[in-house]
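Have a look at these structures, which come just after this line.
Below are two complexes that have chain A in common, paired first with chain B and then with chain C.
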Partner chain A sequence: MAANMLRLYLTCIRNTLEAAMCLQNFPCQEVERHNKPEVELKTSPELLLNSVVICRNEAEKCLIETSINSLRISLKVKQADELENILTKKFLRFLSMRAEAFQVLRRKPVQGYDISFLITNYHCEEMQKQRLIDFIVQFMEDIDKEISELKLSVNTRGRLVATEFLKQFI
Partner chain B sequence: MILLQSPSKYLLQILTTRLENLDKGVELDSYWIEFNDVRYHVQASMKNPNLLFLSVSLPPPPPETVSFGGLPPGAIEAIKAAYGVVAQILDPPRDGFSLTLKLNLSKLPPDEEHKHGVLTKIASVREVVLGAPLRVFLKQLASRTVASDIDKVVALVHRPMESFFLIPQVEKVTVVFPMRFKDSIDILLATSFLKEFVDARRTAGLNNAPPCSWSPSPPPELKGAPPEALSSNAGFVSFVIFPRHVEGRKLDRTVWSLSTFHAYVSYHVKCSEGFMHTRMRRRVESLIQALDGAKPDYEKAVKATQNRSFKRLSLKDGRSSLKSFS
Partner chain C sequence: MASEHVEADNAEAIIARIEHKSRKIESLLKQNKPVEALKTALEGSPPKTKDERCKSANWIVVHRAIMAIKDVESLFFALDPEYYDILMKYLYRGLSTGDRPTCDQCLRIHEKLTEKAGLGCILRSLADTVNTV
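Now for the complex of A and B:
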């Protein structure tokens, strides 16, 4: 059931991205010879599309904002307890610090979300659209997997540490 | 290595190497620090290759603990009992140290097994000295004699300026550790580990292990203790030690395990964080590879390196270098 819900959530995001990822080069209207991602500036409403929020539940959602030359995807990841909270923060901070290597990752997440991507028309020119969308969806699955595996490793190690210590007294 | 080992590996190595090379005796002057701020100094000269001066400095005790001249209560007796004629306590100790021992290697037992046993015991000097007061209480528990401090809260030092607590009774000794960590991630990981101790104790195979409990606030047994010593950010862990945990050979192991409990948890918290970092780095690499797969040139570049053919330069490459300026 949970896997099914995840599939639906990811499929919805994938379909929205396929529709939204139609980016073209657009030199800045306000400043000469500048070329900026319009979704970050949000100064000209005619260049922006309506933003879409896809919610899996109250704790998990995805915000997709599109403009003529750029697309911003923000994710809020579920954090069930204190430990998951800190593991998620640690892991996503780890990724964001390496944003340059990832190219499409934003260094800071959008306010209210845990991690953000910024895709520009240049990225779409360099990379195949389908593969890029595959990457984003894969990324989302990987985050979920990684957090639960990290949590599991902490619990397993905790059990082992405790057992070995107590065994000494027997 | 899951459990912390009592003999200091480095010290044991120095001693055995010295013993093996007595005729080639060299000048030795070594100084090092181990976990919880225990410092060692070893000095030996060529003039008397059999003599070795070992100095140990202990973590500074907090005000609520008792100490006699820089050493924990019972330490001097413990040293004499453990080392006999091999070690002689020098008074005053070397400057900056709590204890200096003059070791006479010629007084070691002649047969190899016993000799190694004594050397290992010397390398465990930390356990002997720091664990001395705890050992006294646990020995009284093993022989079920009435302790002088019965039902009172006793504070013993285990970390710099931090203590843990003992409540000795005739039938059992309760040991309570206030757990403190500096980093917020450490606190969370440690709290989850400590809760595992309580859960693990309930499994069938560990019925004879000391009953163990965790609470976020000071347990009622610590009523008599000074409030400054009772601050903690990862809760309080209590173990109840019964005579069966300290009979015979188990006594030394129990003393060591309890004296280094905080260090043990701290060590594994750090290992856990290191492991998580390794995992995250690996995940980052695999994600970047997936992203590279999105580039149409990737497959061509992979094939090109495999075929060792030349890459054709085109306008596109020129444009990509221009982009880096914009």
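Now for the complex of A and C:
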């Protein structure tokens, strides 16, 4: 049941991305010879499409904002307790710091979300649109697994350390 | 000035129409006709109003009809294609609420609607900045 809901959520996001990823080159209207991702600046309303928020439940959601030459995807990952909160923050900060390597990652997440992607027309020209969408959806699937694994390993290590330390008092 | 006056009058008239619609929908739901109820809710949606109250009032009515649908397959056999675009816009509004049962239902319908109506339907709901819900 939950697996089916996850599948539906990812399918919805995939379909929305396929429709929204229609980017073309568009030089800046205000400044000569500049070429900026319009979704970041939001100066001209005629260049922006409606933004959509796709929520799976109260904790997880995905914000997709499109413009003529760029697309921004922001994710909020499920965080059940304090430990997951800290792990998610640290892990996603680690990834965001290395945004150069990912190319489509944004260095800072949008306010209210955990991680953001910025895809521009240049990315669409160099890379295949389908593969980009596959990457984003795969990322969303893997994030949950990674956080659970991290949490498990933290708990296991904590238990081992505590056992070893308390052995001396037996 | 005059246009604001007209807007206000229009808003009252629209809200009265929406209430009338919601009564009709309640009766249709009691007769176990969720598809008819959804059709009634979707047609006559006020497209050009900027008034948030009208949009919220209409959303509440459409939401009621969407949540009452049990069988998503049969929905598309009965629903005419002219309603697909407006339904897609309301689905995205539902998905933005974050309420679990609403989101579950909207995700189910969204998948089937995309299969039926294609990506063009999604793009039209994203691109239409004039007639928003």
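Throughout what follows, the second predicted complex is superposed on the first by the 158 of 170 C-alpha atoms of A that agree within 3 Å, B and C clash if a C-alpha of one lies under 4 Å from a C-alpha of the other, contacts with A are read in each partner's own complex, and residues count from 1 in each chain.
Methods note: a residue touches a chain if its C-beta (ideal position, glycine included) is under 8 Å from a C-beta of that chain, and two chains touch if they have at least 3 such contacts.
Because the structure is predicted, anything quoted here is derived from the model rather than measured.
J.: For A:C22 in the superposed arrangement: first (chain B), second (chain C), both or neither?
T.: second
J.: In the superposed arrangement, does A:N50 touch chain B (first), chain C (second), both or neither?
T.: second
J.: Mind telling me which of the two, chain B or chain C, contacts the most residues of chain A?
T.: B
J.: Between chain B (first) and chain C (second), which does A:Q138 come into contact with in this model arrangement: first, second, both, or neither?
T.: first
J.: Under the stated touch criterion, which partner chain does A:T66 make contact with: chain B (first), chain C (second), both, or neither?
T.: A:T66 contacts chain C only, not chain B.
J.: Just chain B (first), just chain C (second), both, or neither: which does A:T11 touch?
T.: After superposition on chain A, A:T11 lies in contact with chain C alone.
J.: Which part of chain A faces chain B closely enough to touch in the complex?
T.: The touching residues are 35, 82-83, 86-87, 90-91, 94-95, 98, 101-104, 122, 126-128, 131-132, 134-135, 138-139, 142, 146, 149-150, 153-155, 157-170.
J.: Could you list, by residue number, the parts of chain A that touch chain C in their complex?
T.: Interface residues on the chain A side: 5, 8-9, 11-12, 15-16, 18-20, 22, 45, 48-50, 52-58, 61, 66.
J.: Can you list the residues on chain B that touch chain A in the complex?
T.: Chain B reaches chain A through residues 2-3, 184-185, 188-189, 192-193, 195-197, 199-201, 203, 206, 208-210, 212, 241, 245, 250, 253-254, 257, 261, 264-265, 268, 271-272, 275-277, 279-280, 283-284, 286-288, 290-291, 293-296, 323, 326.
J.: So in the complex, the part of chain C that touches chain A is made up of which residues?
T.: Residue list for chain C touching chain A: 92, 95-100, 103-104, 107-108, 110-111, 114, 119-120, 122-123, 125-129, 132.
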